[in-house]
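Each of the next two complexes has chain A plus one more chain, namely chain B in the first and chain C in the second.
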Partner chain A sequence: MTASPATTMSMELTLPNQLGYELIARDAIAAFARRLGMPMDRVDDMKTALCEACINAIEHGNLLNPDLRVHILCHVDAERFVIEVYDQGLRRFVPPSSLPNIADKLNGTGSLRGMGLLLISQLSDESGFVPRDEAGNCFRFAFQRSGAAHGCR
Partner chain B sequence: MLEDDLTVTTRDQDGVAIIDLVGDVTTFAEDKINNAYREVTNTGARFVLLNFRQNDYINSAGIAILIGIVTEVNRNNQKLAVSGLSQHFQKIFRMVGLAQYADIYQTEEEALSGFDRFRG
Partner chain C sequence: MAISDDPAYQPLDKVIELRLPSKLGYERVAMDTASSLARRMGFHPDRIESLKTAISEAVTNAIEHGNQHDEAMKVVVLLTARDDGLVISVADQGQKILPQEHTTPSPQIADVMERSDKGGWGIWLIRELMDEVEFTTAPSGGNQVRMVIHLEP
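Then we have the complex of A and B:
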């Protein structure tokens, strides 16, 4: 955990590219957020969003290659709690043309998977892939520190 | 790291097939949950309750498994309800649309009572 004179704090984690390690990151980021006074319901939102971003990086960015890594950068200022999840980009992420719909999944016209980005977008205050020149995907999502509780949007 | 962190058992209570899900619901839960559902369906269950306990982690892969169960429930003309979820995961279920297809109750007792309106 580092703090600069501009009161920005940051934390970095590097994970093996293996399903399950997202829980280690989740617990570390949650502890960080709690220490910074984030409300518990927002910490829960952050935990789920982070796990989904890590799963996307492990499965879709790094294609489950156990030799690769997922890197997480978390930086916090007075206004926002920002998390960036980087993979090593064996495959460039192509956003879906539309958000998944449970009705499509139930009638067999959509994959049963693919709810991760929907959850992140609903749980966080902003989210999206960050364009990069180098290899790898960067997914960024953020939470306002004012901490208003989120209902189902 | 997560392979075996869910215990799934089944029981009958007042004509409702209860599937107890204790632990994390992730991609590794697929066989356990689907087998439990098939087991209660093969015994003729009309009412199915997914009773969650100690679920610290339910992710989108776990939700995909549950959407698959909803598909089968609809196909088999059963009624599905869910109980025991934390407030956070109740919110998650609403976000992904599962609440349109399964009534969500705080407790097992409330869920069992909720099935009464379907009994003819």
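Then we have the complex of A and C:
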């Protein structure tokens, strides 16, 4: 779970597997992104996406088990701001058989939940689960830094 | 039954671990993470400001003195939420061990004003602002400062 040698800056965060702690992660990553000059609207996208990814890890990957942890690795190079969220994988991610349908949700015929991955894919520039040999899921999402105000300071 | 529903279950301390680059400016990430947690724990805004100042001084010391500005080294911040307060531990990777006699300074303003270097207030500030402060050696061999801020009922 360490960043590659080509990475110019990284931070790591490990959280208790408890709903609510995603808000602390959100504030930590936002501070890191601001420090690296990411535009505020992208920081807002990042905050929403990170909360969704952490909630997925807590609820689905770690099945709300309070003895487990969620690990976040954030690595940044000149082009991309990459966030990886790891759970301890009591349950492997299985892709849904169909995409969520917003119309069904709005007219009350579909569950109001289950929009997290769709939201993340809309807010970030790339996203998806990373295949791993070890136990646990790794969900990675990234943001281009073309709009960043500065390089890695 | 979920594990947390078991009356015999004793949860582990709720620990957040943050690993930051040894670069000045990134102490802001620790400040924002700690204040986010403290706010949710119910600390008074004045105490949160004290916490932010103390953690900023501790992380800056770790970057400047312990890790000697080596960006490849990490500063490790542990935030432990307890019912009666917040425990903060800041550890460096110990390029330069802090002598014990430097952990209880009482700088005099008149002396400091005569020096070109106006630093040297960090540890004094930490001791003034936190309820408990202890300087030890980290498991990694570096310097570690453990600070406690009590949550008043």
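Assume the second predicted complex is superposed on the first by the 136 of 153 C-alpha atoms of A that agree within 3 Å, B and C clash if a C-alpha of one lies under 4 Å from a C-alpha of the other, contacts with A are read in each partner's own complex, and residues count from 1 in each chain.
Assume a residue touches a chain if its C-beta (ideal position, glycine included) is under 8 Å from a C-beta of that chain, and two chains touch if they have at least 3 such contacts.
All figures in this text were calculated on a predicted structure; none of them were measured in a lab.
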| message | If we overlay the two complexes on their shared chain A, which of chain B and chain C does A:L118 touch? Say first, second, both or neither. | response | first
| request: Would you sort A:Q18 into first (chain B), second (chain C), both or neither based on which partner it touches? | output: both
Which holds for A:L106: it touches chain B only (first), chain C only (second), both, or neither?
first
Return first, second, both or neither, reflecting whether A:V130 touches chain B, chain C, both chains, or no partner chain. neither
Ask   = What is the contact status of A:S10 with respect to chain B (first) and chain C (second): first, second, both, or neither?
value = second
Between chain B (first) and chain C (second), which does A:P66 come into contact with in this model arrangement: first, second, both, or neither? second
Open item on the list: With both complexes overlaid on chain A, does A:T48 touch chain B (first), chain C (second), both or neither?
Closed with: first
The intersection of the chain A residues contacting chain B with those contacting chain C is 18, 20-21, 23, 153
The answer for chain B against chain A in the complex is residues 1-2, 26-27, 57, 59-61, 63-65, 67-68, 70-71, 74, 86-88, 91-92, 94-98, 100-101
Residue positions on chain A within touch of chain C in the complex are 9-16, 18, 20-21, 23-24, 26-28, 30-32, 34-35, 64-67, 153
Counting only contacts in the complex, chain C reaches chain A at residues 2-4, 11-12, 14-21, 23, 25-26, 28-29, 31-33, 35-37, 40
As the complex stands, chain A meets chain B at residues 18-21, 23, 41, 44-45, 48, 51-52, 55, 101-103, 105-106, 108, 112-116, 118-119, 122-123, 150-153
